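What follows are several structures.
In the two complexes that follow, chain A is the common piece, with chain B as its partner first and chain C second.
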Partner chain A sequence: MRRFASLDSANPLVAYLFLLPHAVLFAVFVVYPIVSGISLSLHRYNPLAKDQAFVGPLFYQRLFDFSTPEAVNFWRSMAQTAFFTAVVVPILIALALFLALLLQRPILGRGVFRTIFFVPTVLSVSVMAILWRWMSADQFGLVNIALRDIGLPSISFISREWLAWIPIIVGTTWWTVGFNMTLYLAALASIPENYYEAAELDGAGAWGRFRFITFPLLMPATLFVAITTVLASLQLYGQSQLITNGGPTRTTQSGMMVITEQAFTNHQLSSATAMSLVFGLLLVVLAAFQFRLMSGRVRAAVR
Partner chain B sequence: MQARAGRVPRAPGLVWLTLVALLSSACGGTAAPSSAGTAATSAAPASAGAPASEGPGGSQAPAGYTGPKVTLTYAHGFTGPDGPIMQVLVNTFKQSHPNIAIEASAVPWGDTFATLAERAAAGQAPDLVAVTEDQIGYFMASGALQDLTDDIAALGVKESEFFPNFVSVVKWKDRQYGLPFSSAAFVMYYNKKLMNTAGISAVPETHDDFLAAAKACTTDGAGKHPGDAGFDAASTATWGTVVPLPWVGGTVGYGLLRGADGDLVDTDLNASFNSAAGQKAAQFLLDLSKTDQVSPPAPTEEVEVGTFQSGKSCFDITGVWKLTDYRNALKADLGVAFQPELTGKQAAWGAAVFMTLPKQADGYDPNKRAAALEFSRWMAGHDAVLSWTESGALPVRPDVASDPAYASNIMAPVAASLDKIFIPAGWPWVSAVRTSWDAALERIMQQKEPVEQSLTDGVKEANDNITQQRAALGL
Partner chain C sequence: MATAVRFPGAPSGPAAPRRRRSVRTSLRRDGGRFVTLLVLGTLFLAPIYWMISTSLKSEADAIALPVQWLPDHPTIQNYQGVLADQSGLLLHWAFNSVLVAIVFTILYVALCALTAYPLARMRFRGRDAWFAILLASMLIPGIVTLIPLYVMALNVGWLDTFHVLIIPFLPGAFGVFMLRQYFLTIPRELEDAARIDGANALRVLRHVIIPLSVPALVALAVFTFLFSWNNYLWPLFTVHGEHQTLPVGLATAASRYVTQYGRLMASTALAAIPAVIVYLVAQRYLVQGISLTGIKE
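So, the complex of A and B:
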């Protein structure tokens, strides 16, 4: 019993006390919403009704029945979100790494350039999106005015399918690449200089040093950057809401947009919750898969 | 093993974070705590005094509330330049009603509506909420609002004080849930200078006049008009009109649909816009760009506004709220008229805002209720509605529309036709059906689907939503 008498590091309760604040927040803001969300999705929820009819997995079944509009809209938007993620993630990783490598060198004005690339990340999504909407607007946007002034035909970025992705993808890259770059810069700074000296003595060129020292030692950073970027990209919302409003003909509508529309335009809270949980589950599976895939390489690289 | 144990807490951490973000944005309604303002309401002790007098003096009575001092919370969505004008109105009310303090807060409409049902269910709703026409039907049918039918009669407010189309849409199953005080509509702006250049002397009022004028206004680089031999649609310098997608086009289309004696829903409130009237409206919009060539194909709203503001289109059908921008751009060349007859009869989309009392918890202070009713009565009265038109809103009352003090308002000619505006409201699934209608028209204008098929697909989508909403609302 003496073990519990004093609150020193030998007391096994101490660890739990330290964990308690986070556990409480976790329970209130994560566990409770998920549990109540599951309950919500199994009822036909109407906040003002006296009883909520239990409907079982009805809304999940409808989500996999392609004769319902929610299945069609949800899975189309998921495919579109996946397309966005597949395009933007490689760019956001490769470009961030490239910029970090350039700006790690002691070049003139390095701080200024680092700031220039980092500054857009502090903007809110609405500021960034409105800016890119103005730039890419059909006919009267900055890009089209510039094209007209140099005698080129205008491009209808907002009202043409596929073209509408360009302002979203370019805008997102401009907005977030600086953050990934900063993570890479921090990771680059932690690679000991003597590894490179040794490699040079062994006759390694610039590519060899990158291939066998820099890239492997950046693997933990790359894992972090990749997972956070994938998850952030899959939650695409503000950019397509404000730049294209999901258009033209819903072709840039993201998964989050369809969920919001189902809840607040169509007043189907239970169905929207079922969509959220399916989406959440897909994210969990994807993140776990990605982690498993990459953590092996991290261990191999760091060893 | 070491590595496995080490990674466990990190991966779920990221995943959970994602889930939190996801749940909080998807179900904001359930998770969000009630916003500031309600605390004052629930803290005030219930008065044990005599029931407040309703003030039998009719809508012109100076003060119809004689109970003890109460504080009311009032949520509205006038967050733009109309916000300060609403605050002036609230202050004016306070001066004549020293016993009613109003804490007004301008919150974006969507934020208020996303949580209103939840807050009403929890007895945490503001005392007064301004509700727009696209949501009023849902809140009436779901029980989020108080039935005010008997109170309105007791207050001496008569239906005949308002344009009838504003009262009919705030009723559900013959019970009335609010009073209209604000309106907006789609109108036709025109550019006098460009019309003059094109040789058009009169503002078109019929389908044929409109198309003829629009063709005269549309010129290519060589000065040719649509229909002329060698007209080059790709090098158009000026346009007859520009109808953008999806919302503005859908709203113009709604006016065309009503003009052809159709509606978004049938008498059973099921979506029915694939009717002959719906096809006529959609075909007209498609033909504007496809065969008549007086409007560019599938433009955005920036193109619409930019073209009109730079003096390169004759006619622009859009909301009254564009007035200030257009007047700044075109000065004396700007004119405003009611939307012409384009599909059979004159009709235009209209909007309305209603003062409502959300459902409250048992034991809610009757004095507060009386005070809230008095504020509603005052806001829908002649003087307040006249003042409110300074915000650019249209009057909901004929006695304001015909008031000499309103005659100098640039919208006065339009206000005379307010009985011809149609408000998509009064049934629960307006926003869902509008979304399907807008999307169907967009598919047609983008030439992804032919008219009838696109409208039928849209009706199917809307009706599936309606079936689900009926079940949730117990209808």
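So, the complex of A and C:
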């Protein structure tokens, strides 16, 4: 009892004791998988064999040898994922900001609108994807019904190259824009009202107030939104897998899809691990680069 | 589009007419804003409406032309059908998902509180370095550890169990970060009072910090529940058969009901309901939680 009572925060051992359970799990399920992943990618993994043959950087070399199908599929899927990200991220930032600005000041039904825009974000990717597959179905999907109603020809979204991206992009926007909107609403709420009053006294119009007050003061929020949205978009998986299954002819296959296909369909776990490490490295480097690039702008804007 | 309305400068003059004028202009401005919201809101609701409407039609009506905006012959046979199908598999998956999400949420929030407390409050060697490592770990994309974790699960016989859906996700750093930020805002004096009364660190955490952190803990619990409830990629490859959870199960149902749109939408609607209920109940905490995470330093 006395020993237990001495467990106060002045004793430095107490802190380590508190951290221990999490640290053990962190070592086993975060650090060890990274280390063992590197090792896995340098061996030819065979779940049935006792000894795994060491092959060195073979699987990395193959990723850069374009006579192999894995290199072709991997880099093509990377380019496609980059395309998806380049299209969807500006939409997810601009539309989120627009919605947040619409809801910034009180208006009839503000809570209801906020709920409508946010609610899709709590749905699972399978609910969202099945719904958008049905929305964009050939004849009886709501999108094609609407197109016919306004006199346009209907479109087979799922089976046409490039057009198959439309349900993925629109569905992703519908699914996730509410989250960014909420981040922007929180940031907008923290802008002091008297900044706007002062600008109004100086004769600033709505655009002037947005351009010189709202937008610069939102830069930290935009930095956060941009980085998290880019990272999430590059990890595109469920939407492609469930709406188009990567088709037609692999044109909507994402990087994550090629990696999991290599691992779990082709059972090439070592090759897939090499892919995932290259992909992961690209993501981390990109996030760091984006952070440096944009945090410079944040400082400039705040100054 | 909200139209730009310039405020007339009018620096002098009685207050009352000016206020009336500004109300009138703001009504005009809000009209455009409201119509824009109405249009966007309708577009956002359309998929949900179409899901529910389709789910209440017979299979023939679901693909009948001209389209029935409201079902001509509304029926709940699709719901009865999917609930009875394969001796209630949908409910079985939903039960698995709820069970996994609840157990995971309890363990995760408790672990995060235990870990965040010393990082926020105690002074010890390596504190800031450890916190930086945890923060940096949030940048590691899940795909990097996916396959090694799969091999680990395979080797210890965890595939097709509930463990594999819960334990590997426990060391996530997001919750630690969020709770530490919240704990930092609690005045130290409250703890000092308890400590003078002889409470040890664990008691201070349980009886002082935790009761004062309910909003943050609830927000984290809602995030955690939804994360687990919606988890798709990892369960897709690690759990098949009787331990399967709802998102993956729903995807397999989709391949079974390829042309049965009514049943497909009924399953989808049923799968959507729990998350929507959690959101509606915990909306306030969720929104607070989101604003707590990103932007505030």
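Observations on the model:
Methods note: the second predicted complex is superposed on the first by the 267 of 303 C-alpha atoms of A that agree within 3 Å, B and C clash if a C-alpha of one lies under 4 Å from a C-alpha of the other, contacts with A are read in each partner's own complex, and residues count from 1 in each chain.
Here is the rule we go by: contacts are C-beta pairs under 8 Å (C-beta built on N, C-alpha and C of every residue); 3 or more make two chains touch, one makes a residue touch a chain.
As the structure is a computational prediction, the values presented were derived from the model and not from experiment.
In the superposed pair of complexes, A:Tyr237 makes contact with chain B and with chain C alike.
Judged by the touch definition given at the top, the superposed model places A:Gln139 against both chain B and chain C.
Between chain B and chain C, the partner in contact with more residues of chain A is C. Of the two partner chains, chain B is the only one touched by A:Gly247; chain C is not.
By the touch criterion defined above, A:Thr273 reaches both chain B and chain C.
By the touch criterion defined above, A:Ser295 lies against chain B but remains apart from chain C after alignment on the C-alpha atoms of chain A. Residue contacts after overlaying the shared chain place A:Pro69 against chain B, while chain C stays out of touching range. Once chain A of one complex is fitted onto chain A of the other, the partner contacts of A:Leu48 are limited to chain B, with no touch recorded for chain C.
Common to the chain B and chain C contact sets on chain A are residues 26, 29-30, 33-34, 36-37, 40, 45, 47, 137, 139-140, 228, 231, 235, 237, 256, 259-260, 263-264, 269, 272-273, 276, 279-280, 283-284, 287. Across the complex, chain B is touched by residues 26, 29-30, 33-34, 36-37, 40, 44-49, 53, 68-69, 137-141, 156, 158-159, 161, 227-228, 231, 235, 237, 245, 247-250, 256, 259-261, 263-273, 275-276, 279-280, 283-284, 287-288, 291, 295, 299 of chain A.
On the chain A side of its complex with chain C, the touching residues are 4-9, 12, 14-16, 18-19, 21-23, 25-26, 28-30, 32-34, 36-37, 40, 45, 47, 99, 101-103, 107-109, 112-113, 115-120, 122-127, 130-135, 137, 139-140, 142, 145, 174, 179, 182-183, 185-187, 189-190, 200-201, 203, 205-207, 220-221, 224-225, 228, 231, 235, 237-238, 242, 256, 259-260, 263-264, 269, 272-273, 276-277, 279-280, 283-284, 287.
Considering their complex, residues 2-7, 9, 30, 33-34, 36-37, 40-41, 44-48, 50-51, 54, 62-63, 65, 67, 111-112, 114-115, 117-119, 121-125, 127, 130, 134, 137, 139-152, 154, 167-171, 176, 195, 198, 200-202, 204, 226, 229-230, 232-233, 237, 246-248, 250-251, 254, 261, 264-265, 268, 271-272, 275-276, 278-280, 283, 287, 290-291, 294-295 of chain C touch chain A.
Listing the residues of chain B that touch chain A in their complex gives 3, 7, 11, 14-16, 18-27, 29-31, 110, 113-114, 117-118, 120-121, 138, 142-144, 245-246, 298-300, 302-303, 306-307, 359, 428-429, 431-432, 435, 439, 442-443, 446, 448, 460-461, 464-465, 468-469, 471-474.
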